[in-house]
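Next come two complexes, and both contain subunit A; in the first it sits with subunit B, in the second with subunit C.
And now, the complex of A and B:
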């Protein structure tokens, strides 16, 4: 029983670390309707930004340095999203606005990003924190302070996303675009602005994910793609179009992946995320909270 | 001289990868980022069967093709009933899964240190071992694959594929079972990538997991787009460019440690710029997604 609880606690970290990024992916996909693959580059950038923030300032510890690093990282990836949208995606939309075209452009951004990161930071892992962080012992179960901080951060991100989407006018318009882009166009919503907003917010949400992952594992190349996979799977399992659904699904997948270690070798963890995705595609393609797909084929 | 021949062999292998990827997304409109995964499945099946189980080379090649094709069908099956986005994510999942197993399933794959020494392929008593020999084998396979795809897309089967790429609902209304068609094409394409993997394993005789990652899959998509989608010659051009460019970079004196990254950087920039200035690719065939999103006749624009 202790083992189960311990694995669940470990799972909370994975799940809640990915959670903000998954919400960002769902937000961007909902508003713009294409697979923003370069979200992986955003995550990679977030991890490296957190690394850089610890180089300049104080080594990573929980407490006020965390907030400074979080602020730098989140602002940095938000700006990255703004640049991507204004310099590449928006101009390209006028050339070829199809979902396939946009996705291939994002493949291009991803490839450029990988190369730039490799040239700038090398191919080796870089340490982010110097010493072990505190761990609380609750009845024999180790609860790392980092896990608590991650859960708290993800909770705040969720709350902010909820306020933005359901308590502001911009959020109302974002949801309108996500539910029915044609109608939103007809009633004259300024789609370009909303797309930019979704990309900036969606990218900024990667900030907390990047900081949590960097604190836990340091910064290394190739960290973006597995995170993106979890985020994309969470978006589908939560139901495409549902930002908070993605959040619930991300937390769930993290816990399930870790509980599975009771029976499975760790090398099958990716397989398990894949199996969850597969099960949903076969049994409930619209996910937990998604609308029924209108384009389901015969 | 041998070095140039081995670069050409790699180019031939990439031609196979590009043409079969083009069959999947250029001709049929299904976007997948798992091509390097199927490539890896082909290579590692041969590697494991010949090195660890001592199976004959030809038999293990056949098994590798079957497993790659089967993996393709299994992945494509459930997601193809849905919108294209689902296939992208599922294939992405398969790709990450394959990479993680290649790295972590040490007992089977030897993990990051790679698998060797894979014996040379024995074609009915003829051992293909010399560099010119493997080049000839790879070129023959590449030509056959290109010819096969070219014939296939001009056949009645190929017309159905183009029809369902351009208008799925209409194709279904004509009584075509589109999901079945798509699964068949996807499995065929995966098998083609498996063939490339088999050739790769037998030519280099040593395989390591970092040749079969998501970055490779994305590169394959990009080189097909650069060449021009739905064009066999375009894929040939893209593949040759992709293999020759790094050699040119090192020929002009760029240190080897930078060549790989610079190559990726150039490739990514080229595809972005190209999509802006010439959306149909170098060897023009069609613009991505163009037919589908154009208003049809009789429909208000």
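And now, the complex of A and C:
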């Protein structure tokens, strides 16, 4: 029983670590209507930024206070999103704005990003300095403070995203674009600005994911891709556009992946996430909390 | 007409003359097969430079430094040595291609290699082309007697794990779990260590393997915790090992962690000193405060050239390999042998015992060597020797 609970706690960490990234993925997909592969590069950058942030600061085991590292990382990936949208996506959209074209451009950014990161940071892993965060023992179940911090960070990110989407004028416009881009344009919404906003916010949401992962695993090349896979699966299973859905799905997939280890080898974890995705696509295509698409026949 | 024919003859005779000159001099780093000295003594070095950890870079630095030392002192019998260094990325396929390049393009009769999987991939090529493989880093048990062309200047990993397990058993620890890299070295070490532990009277609880590059060990740690071992033998390398040690302590796994030579890496103390406290590991003996050559020469040259202490014992093992090649070439020169794999191997077998940085290195008939091994621990955030060389 202890093993089951421990695996569930581990699963919660995995799930909540990727949750903000999943919400960012859903936000960008909802407003821009293409699969943003370069979200993996954003995650990779977030991990490296957190690593760099831990190198600077007072000579303590924790380096900078965690919130400062989080702020630097989040701001850094937000700026990365801004540059990516303004320098690549928007110019390309004017030439070929199809979902396929944008997806290929995104894949190109991801590929170039991998090479740039390897050149800049090398192919070796870079361990983050030892954390002063402690571990709590609850009845033999180890609950690292990092897991609690990750849950709290993800919760805050969820709350902020919800406030932005449902309690601000910008959020209303973003949702309008996501629901019906043509109608939104007809009523005069400035889509370019909204696309930039969604990319900046969606990328900034990767910040907490990057910090949590960097603290747990250090920084190494190729970390963005598996994170993107998990985030994308969580966003789709939760129902694209649903903050609550992404949260529940991320936690669920993390726990399922870890509990499966009672019987399976760890190498099957990624395949298991896809099995969950496949099951949802067949049985409940709109995801856990997604809205049913209605076809209007004229 | 006559003048044209004469000119043609002159051009032809010049071309023939030039080709004879080039043939006699030899091209590239070809070894001579007729007993004459080649232009250079080329050696290949297949190392991991862009993946797998910083040790590969230290091996390269040691090889380049040793070759430069030899050349500065007049080469070998007046002939300079040249090292061709290539990156195998810890990938057997890349390692195979690199070895082919050494053999067919650089035409070297000896290749310095590292990592078990890459070294084993090169063996068929060595068998086919009579090329000597010199190993200073790979330790999988199956390298013993793997090929007559494979020679190591280090012992294979069981010498280290046996020492560790003896220490653990004497300390009263009985329940062993194994965590290894999911490849040749991990699997073979697991089998050898488990057999030895059972022979001692201990119990092997479980064995897990992780792919290289696995940075999330939480699920495996949970399984270890459930089994509640007294000790865990960890045969991973680089950051994989560091993240395992960190996460093990974070998740409350308090079993004694033991490991081998790769454990002593500077990054471990930078990022997981507290988590690694009390861990015990083996290390090939090497005293940086030595006062006699060749150890003193290496330490001094390293300081002068790279501005610091010799960072890892793998720098020592590859430095030694270059001098083993030098000794074999000198032996060949004395007997007027050509520079080729067959005669290099013959020379190594004849010399048998070489004077290395950390003491004498004796090559056994199975291709492995004895090297003194020490027991170390992490104490108060520093690597500390527990037991002198055995």
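Going forward, the second predicted complex is superposed on the first by the 280 of 298 C-alpha atoms of A that agree within 3 Å, B and C clash if a C-alpha of one lies under 4 Å from a C-alpha of the other, contacts with A are read in each partner's own complex, and residues count from 1 in each chain.
One rule holds for everything that comes next: contacts are C-beta pairs under 8 Å (C-beta built on N, C-alpha and C of every residue); 3 or more make two chains touch, one makes a residue touch a chain.
Keep in mind that this is a model prediction, so the values were computed, not measured.
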item: A:3 touches, of subunit B and subunit C: first, second, both or neither?; value: second
item: Partner chain(s) touched by A:216 [first = subunit B, second = subunit C, both, neither]; value: second
item: Partner chain in contact with A:124 - subunit B first, subunit C second, else both or neither; value: second
item: Touching partner for A:271 - first (subunit B), second (subunit C), both, neither; value: first
item: Which superposed partner A:144 touches (first subunit B, second subunit C, both, neither); value: second
item: Contact breadth on subunit A, by residue count: subunit C or subunit B; value: B
item: Which superposed partner A:261 touches (first subunit B, second subunit C, both, neither); value: second
item: Partner chain(s) touched by A:135 [first = subunit B, second = subunit C, both, neither]; value: second
item: First (subunit B), second (subunit C), both or neither touched by A:79; value: neither
item: Touching both subunit C and subunit B, counted on subunit A across the two superposed complexes; value: 118, 222, 266-267, 269
item: Touching residues on subunit A, where the partner in the complex is subunit C; value: 2-3, 6-7, 10, 13-14, 61, 118, 122-130, 133, 135, 137, 142, 144, 146, 216-218, 220, 222-223, 258, 261, 266-267, 269
item: Subunit B - residues contacting subunit A, complex; value: 29, 31, 33, 78-86, 88-90, 92-94, 96-97, 100-101, 104-105, 168, 172, 178-179, 213-215, 218-219, 221-222, 225, 258, 260-262, 264-265, 267-269, 271-272, 275-276, 279, 287-290, 292-293
item: Complex contact set, residues of subunit A against subunit B; value: 29, 34-35, 37, 88, 91-92, 95-101, 103-105, 107-116, 118-119, 222, 225-226, 228-229, 232-233, 236, 240, 266-267, 269-271, 273-274, 277-278, 281-282, 285, 293, 295-298
item: Parts of subunit C lying in touch with subunit A, wherever the complex brings them together; value: 50-54, 89, 210-211, 213-216, 218-220, 222-223, 225-226, 238-240, 242-243, 246-247, 249-253, 267, 270-275
